[in-house]
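First chain A sits with chain B, and in the next complex the same chain sits with chain C.
This part shows the complex of A and B:
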């Protein structure tokens, strides 16, 4: 496995991209012991508008903190895909929400029913971000599942643990299906 | 005990550093992108026996900070662009009345409302000259989340020792960046608290000889009588119009930094010994330079990095020494060119001084900086 991974999680404000970025960074950094930086970009509005979180995970010290050539891209909306898919490096991997995003014409794109599974199996769409994180973990191994669960449970409101754990399981399952 | 390792935002690390330094008062008004500093202080201060006050605006925020500082608290406030502008008059009051305190400015792009959620380093000259009148300035720029912690501690130490407001000039890039930080154990970093006077109250002079830097001074309300005012004053703090006393006061203020320059130099030097192309960078913008200097070395270019952590007072001698040995100095800033004026001021020889600037709310990329390095190798 290469020693530096540049990951961008993108969607619209309110979809939990920054929360997902923080949890991914905490999992890889604090629990898996890697070097991590996490940054974000968002507009002045609290809901809607483009939102992205970036995480760089490396065995080496990380100097420049922003992603320049994306290894792993998550796009939860068409706007996010249209805006960011060009930054995906050749050979990079993408996970997109199959309900909201049409991402034809690129290899290594996994269109998964992230929001749909969240609605149908968990009953709330808000956990789609955690389904996506689990799918990324399963597909890339960039973070360990144990670390991901630990970091997630430390950041979610008490009483929501079961729903969020279920989201991770859905993500792993969808990704295993995608791997074939 | 195992190490306390956490993923923290630069703003959160700043608040943690303040608590570590013994900060026991925060007065301010939240503003993006500094809000997390206030949020964390509101959460942490009550647990540590301190007080948090959210005021009606930034002017009131800095006023409470100065009041608390004069009353013996280790006090701070945090703001950004528009709030920093509002604080300028009372920053000068803090200098004149010689009150220790820490002002955090998490810089965003301006002028005016500008880009609230985007970063910049465009308040660097405001930190030096934003308040009117001749006055000393001490300002620090962290380049990482870990430094946001350690330089906040240092800011409090310098405020206590130099008995004046110190400015921690964060920027949105570092303020909102999350990195893994090992929280220092108690005692690992120096925490300085100024001594209290030992003379009898009747003999105490609040602005007396030896009280300016490193000396003992009293908190208001502890039995020592003195006056504080924004008017130019005598050693007891009472207004004066006497030219000898005016000169005494103004020289006293200037001497705070001018007579203690060696202890106010805090510069990171990387690969400078044989460097022909020197990158001068600070704060969030230095992250690009740290990457680029390594890329350049890998390409066989003799590049080095000069990164001041304390930017005011400007490290004249350190920069002059690097300029004397370099062919070119590339000044990396996230503004339209501010500290480059200082670099040009101290450049006595024929060294080329080249601006590498970005002011569109984004950070300079390593590729952009490498283009400039290649052009000046």
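This part shows the complex of A and C:
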């Protein structure tokens, strides 16, 4: 794995992108021992309902904390794809929700049934964000599975651990299918 | 109010500093209509248990998203003060927890019973982070009270609204006492 990754998680407000960004950062920063900067910015477009969180993960110190050339993009909605995919660098990898994103025309896009699997297998769509994180972990190795689970369990409400663990399992499985 | 504020919220892991940072950012960015960048970085010191979140709030576009000269500092523990107060600019304002921070020797430091009031008046210490946000709002006007309440209620677990609203009221009251 190369030593610096710039990851953008995007969707609509209420899809848990910021929670996912914080958990990915804590997994890599606290549990995997990497240097990490996690950020969200709010401007006029945030008031329109789009939401994005960014995570930079590096083995080295991070001097400029703004993500510039995105390596790894998650888009949970068509609007998020349309608005936030331009910064994905050539050769970068994208994971998009196959239910909400219909037009994502570029190479190396993995369209996975994130929200659909959340609804059908877990019974609640909100865990689609954790399915997505697990898929990204499986596809890219940017964070270890053990770290991701630890960081997630430290932030989810008590009593929801089983559903959230199940979400991770679904994400690993979907991504293995996409790789294979 | 001048048009740019750099705010650092610091404490130990588990005191809710990152949650507070996200809520302050959403209050100012989504509800008050400001430009906001919210970030946390994780390096070797994060593994030691210290935690900080930063929020930059501006009427203008924010080009450099790293907080440099902090205007407003919250320190919930002595360790957080010792580690993170050096960047507080001259004339900057600090709010510290009077129970955990014993030595914060510089002008313009408001030592308030944040954790103690949370324990005694709400019955749970974890809401001290929201008492702190409310105190900062009252002392600095950096975010409106209506926006802070909206953003907080959108992120707290259902059923905890009353305790969290009470935390805001305590924070406003403590800060009014500190000003008066």
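Quick note on the criterion: the second predicted complex is superposed on the first by the 171 of 180 C-alpha atoms of A that agree within 3 Å, B and C clash if a C-alpha of one lies under 4 Å from a C-alpha of the other, contacts with A are read in each partner's own complex, and residues count from 1 in each chain.
Heads up, the rule we're going with is that a contact is a pair of C-beta atoms (placed from the backbone, for glycine too) under 8 Å apart; a residue touches a chain by one contact, two chains touch by 3 or more.
None of these values were measured; they are calculated from a predicted model.
In the superposed model, which partner reaches more residues of chain A, chain B or chain C?
Counting residues of chain A touched by each partner, the higher count goes to C.
Of the two partner chains, chain B (first) and chain C (second), which one does A:10 touch, if any: first, second, both, or neither?
In the superposition, A:10 touches no partner, neither chain B nor chain C.
Examine A:39 and indicate which partner it touches, taking first as chain B and second as chain C; both and neither are also allowed.
A:39: touches chain B and chain C.
Using the superposition on chain A described above, determine whether A:30 touches chain B (first), chain C (second), both, or neither.
In the superposed model, A:30 contacts both chain B and chain C.
If we overlay the two complexes on their shared chain A, which of chain B and chain C does A:22 touch? Say first, second, both or neither.
both
Who does A:157 touch here: chain B (first), chain C (second), both, or neither?
second
With both complexes superposed on chain A, which partner does A:68 reach: first (chain B), second (chain C), both or neither?
In the superposition, A:68 touches chain B alone.
Common interface residues of chain A with chain B and chain C?
Shared contact residues on chain A: 22, 25-26, 29-30, 35-43, 64-66.
List the residues on chain C that touch chain A in their complex, please.
Its residues touching chain A are 13, 18, 22, 25-26, 28-30, 33-43, 46-47, 61-62, 64-66, 157.
What part of chain A is in contact with chain B in the complex they form?
22, 25-26, 29-30, 35-44, 63-66, 68
Write out the stretch or stretches of chain B touching chain A in their complex.
Contact set of chain B toward chain A: 5-7, 32, 116-117, 173, 176-180, 287-288, 290-291, 294, 363, 365-367.
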